[in-house]
Amino acid sequence: MGPGRLHALIDGVFAIALTLLVLDLPRPAHATALMHDLQQQWPTYAAYLVSFATLGIIWIEHHGMMGAVRSIDRRLLELTLFFLLFVSIIPWPTALAADYVNAGTRQARDVAILYAATMLMMGLSFAWSWRYLGAHPELVAEPARRAFPAGTRRALLGALAYVVAIAVALASPLASFTLDGVVVVYFALSSSDVPGLIVTSSTHE
Amino acid sequence: MGPGRLHALIDGVFAIALTLLVLDLPRPAHATALMHDLQQQWPTYAAYLVSFATLGIIWIEHHGMMGAVRSIDRRLLELTLFFLLFVSIIPWPTALAADYVNAGTRQARDVAILYAATMLMMGLSFAWSWRYLGAHPELVAEPARRAFPAGTRRALLGALAYVVAIAVALASPLASFTLDGVVVVYFALSSSDVPGLIVTSSTHE
Amino acid sequence: MGPGRLHALIDGVFAIALTLLVLDLPRPAHATALMHDLQQQWPTYAAYLVSFATLGIIWIEHHGMMGAVRSIDRRLLELTLFFLLFVSIIPWPTALAADYVNAGTRQARDVAILYAATMLMMGLSFAWSWRYLGAHPELVAEPARRAFPAGTRRALLGALAYVVAIAVALASPLASFTLDGVVVVYFALSSSDVPGLIVTSSTHE
Amino acid sequence: MGPGRLHALIDGVFAIALTLLVLDLPRPAHATALMHDLQQQWPTYAAYLVSFATLGIIWIEHHGMMGAVRSIDRRLLELTLFFLLFVSIIPWPTALAADYVNAGTRQARDVAILYAATMLMMGLSFAWSWRYLGAHPELVAEPARRAFPAGTRRALLGALAYVVAIAVALASPLASFTLDGVVVVYFALSSSDVPGLIVTSSTHE
């Protein structure tokens, strides 16, 4: 058995996390001012978009890494599940962020820290997988092996950005969330930073 | 790695969106008049059916398009995630539509616009994928390349219908929702409008 | 593209429907008599088990049918989505059944009818797929073609049992639910009734 | 058709169960003391982690077993669905454990028993699959056949640990939950106990 079933579990968890986010979008009770209520809840939509985009970009990056993996061992399975723990938990700080960002300085700060800390753990666990594969080249297809140090650095760069977001939250929760959004945009635009990983592919199914 | 994992993510998001719709079907609290309560909630069932059928038809159309794709690049991954954003969000306007269609003219109008606008965005993001693939024939299997202009037009036709549905909502929310339902029926019946895409296939698994 | 992605959508919807059932298991609020509360809610567990087992057996039967399919066309995609509509809706009558079976004769009767009617529609839509494939032998692998009339009859037999369950509900809701459970057990035990369909298989992945 | 679709259903149910756990993490209503509330709810996070880790390890172990399966029969499908019944139900005792572990001795005891009993049933149903495959070597790839008695013993060892956890719950619910956590750690660290099952693999997708 190759990595096929590990891919299936990863794709399943991402698909569900992406879709569960919608359960926390506001569904106001019967009201006479629906649009007004929805407008007041803009932080919910912002948090939804940032979390959806972060999950999407992380899926693309992880998909790129796994595309170079030719063999799996039990340790890689465990590292992947550790990574999926933080992927699957994201709807939770997202819901809290939406609820608390307008709830007063202290609550907003705590929630901004919680959100960035979750993303930090996701980044660190992703970097751990990159590094493990870099140290076990026998699991990786020949032409992609040299990409793994750059991949590890890229994941650690993301983690570092979330450390900054935690520090910023102490001064301004809103600036911290804005930084979380900027990180997504940066990673979306800098896709070619891991040389040797060829996402483009042309295998028949 | 070929497009297999992208298919897995797409199919996962569609399967979850199709199934999450059921969470919003009314589950009346203990009552003495269950059937009466259920009958009063007919807009919920109508919205459920239209959303389920729309998601189903869109899955079939997208499945047809992806069947012609032989290679993927990072840009196509990002366009697909943008498309999945609107697919995964559909349970939300569906729930609002069910709650508000009977809640007074203004609320019903707002909700009808929100619903059609979500569908419009889904149609536009789908058309964007069609067009990107039409402009990058190297990603597409030879015999299907000529189908992509027609596919783009078909997706834009759907988007146009939802623009009309938004305009109609200003006069009559119920007419707008009815149009949303008519669009599904039209696309279900006009399956042969994209020549060159052969959904019928005979590959052994 | 072969039937692989249709399988993925089917398996996804079944996996989610099977797992969403758990969301309706009772989670009593802080109470001093947890076990007593849980015991009073036995109809919920019974409904959970019958729905889980019915979904499981239907998945096995559908998996057997699809195992003989070598090609798909757009019509088969639409018939399958029609079938999945009733599969994905099952958590809803299951939740109602749990809530209302003890709520008085009339409510219990209505809910028993609703539950059996959902299962009836699932059975009829399944029989429709069997019949369509029987009438289009070009979609089916040679050795399995003769199995399709028997498969259609078996699905119609299930549908007939649910017609009986609807009739029985008029006299006794509990007897109707018991019959729903008996149907599952019958189909689990009579697996060899469709000659020509060989579920046992030995393909390498 | 080989075991591919059975894998898809298994992976789908695990992915959903892993992700649904997050729905029960506490989302306090607007409060002035968010962090204080979250700290008081530590049993919820502990239960979340133990359930996530248990599901993860069980997925890895089951994935190892299925990697040796080359053919499936209807009986194996039914045994797998019986196993998935307990996998998919795990979010339920997890939510109850989180709610009741601090609710008084008797409630905590009942919930600790319920939790360990669910895990016991999962272990027993897993051992049943191991044993069935051990008794039907024609379903298993040649080199892995000798691993099945050891696999059965390993699954029964897990089941035995949960019997002990049930007994311990009578004296101390917290000790019982701690034992549940110890079991996960033990199985994570003792991965080489089933000789002949080679999880490491190098098949191209």
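Order of writing sets the chain letters: A, B, C and D. Residues in each chain are counted from 1.
The rule is simple: a contact is a pair of C-beta atoms (placed from the backbone, for glycine too) under 8 Å apart; a residue touches a chain by one contact, two chains touch by 3 or more.
Everything quoted here is computed from the prediction, not taken from an experiment.
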**Q.** Far-end chain from chain B, centres as C-alpha averages
**A.** D
Q. Copies chain A and chain D touch; is their interface built from the same residue numbers (over half shared) or different ones?
A. different
Q: Determine the centre-to-centre distance between chain B and chain D, using the mean Cα coordinates as centres, and give it in whole Å.
A: 36
(Q) Taking the mean of the CA coordinates per chain, how far is chain C from chain D in Å? (A) 26
(Q) Can you pull out the residues of chain D that are in contact with at least two other chains? (A) 1, 4, 7-8, 12, 15-16, 20, 23, 205
Q: Sort out for me which residues of chain B touch chain A in the complex.
A: 1-9, 12-13, 15-17, 20, 23, 70-74, 77-78, 81, 84-85, 88-89, 91-92, 95-96, 99-100, 103-104, 106-107, 110-111
Q: Could you please specify the touching residues of chain D with respect to chain A in the complex?
A: 7-8, 11-12, 14-16, 18-23, 25, 27, 30-32, 34-35, 52, 56, 59-60, 63, 66-67, 188, 191, 199-205
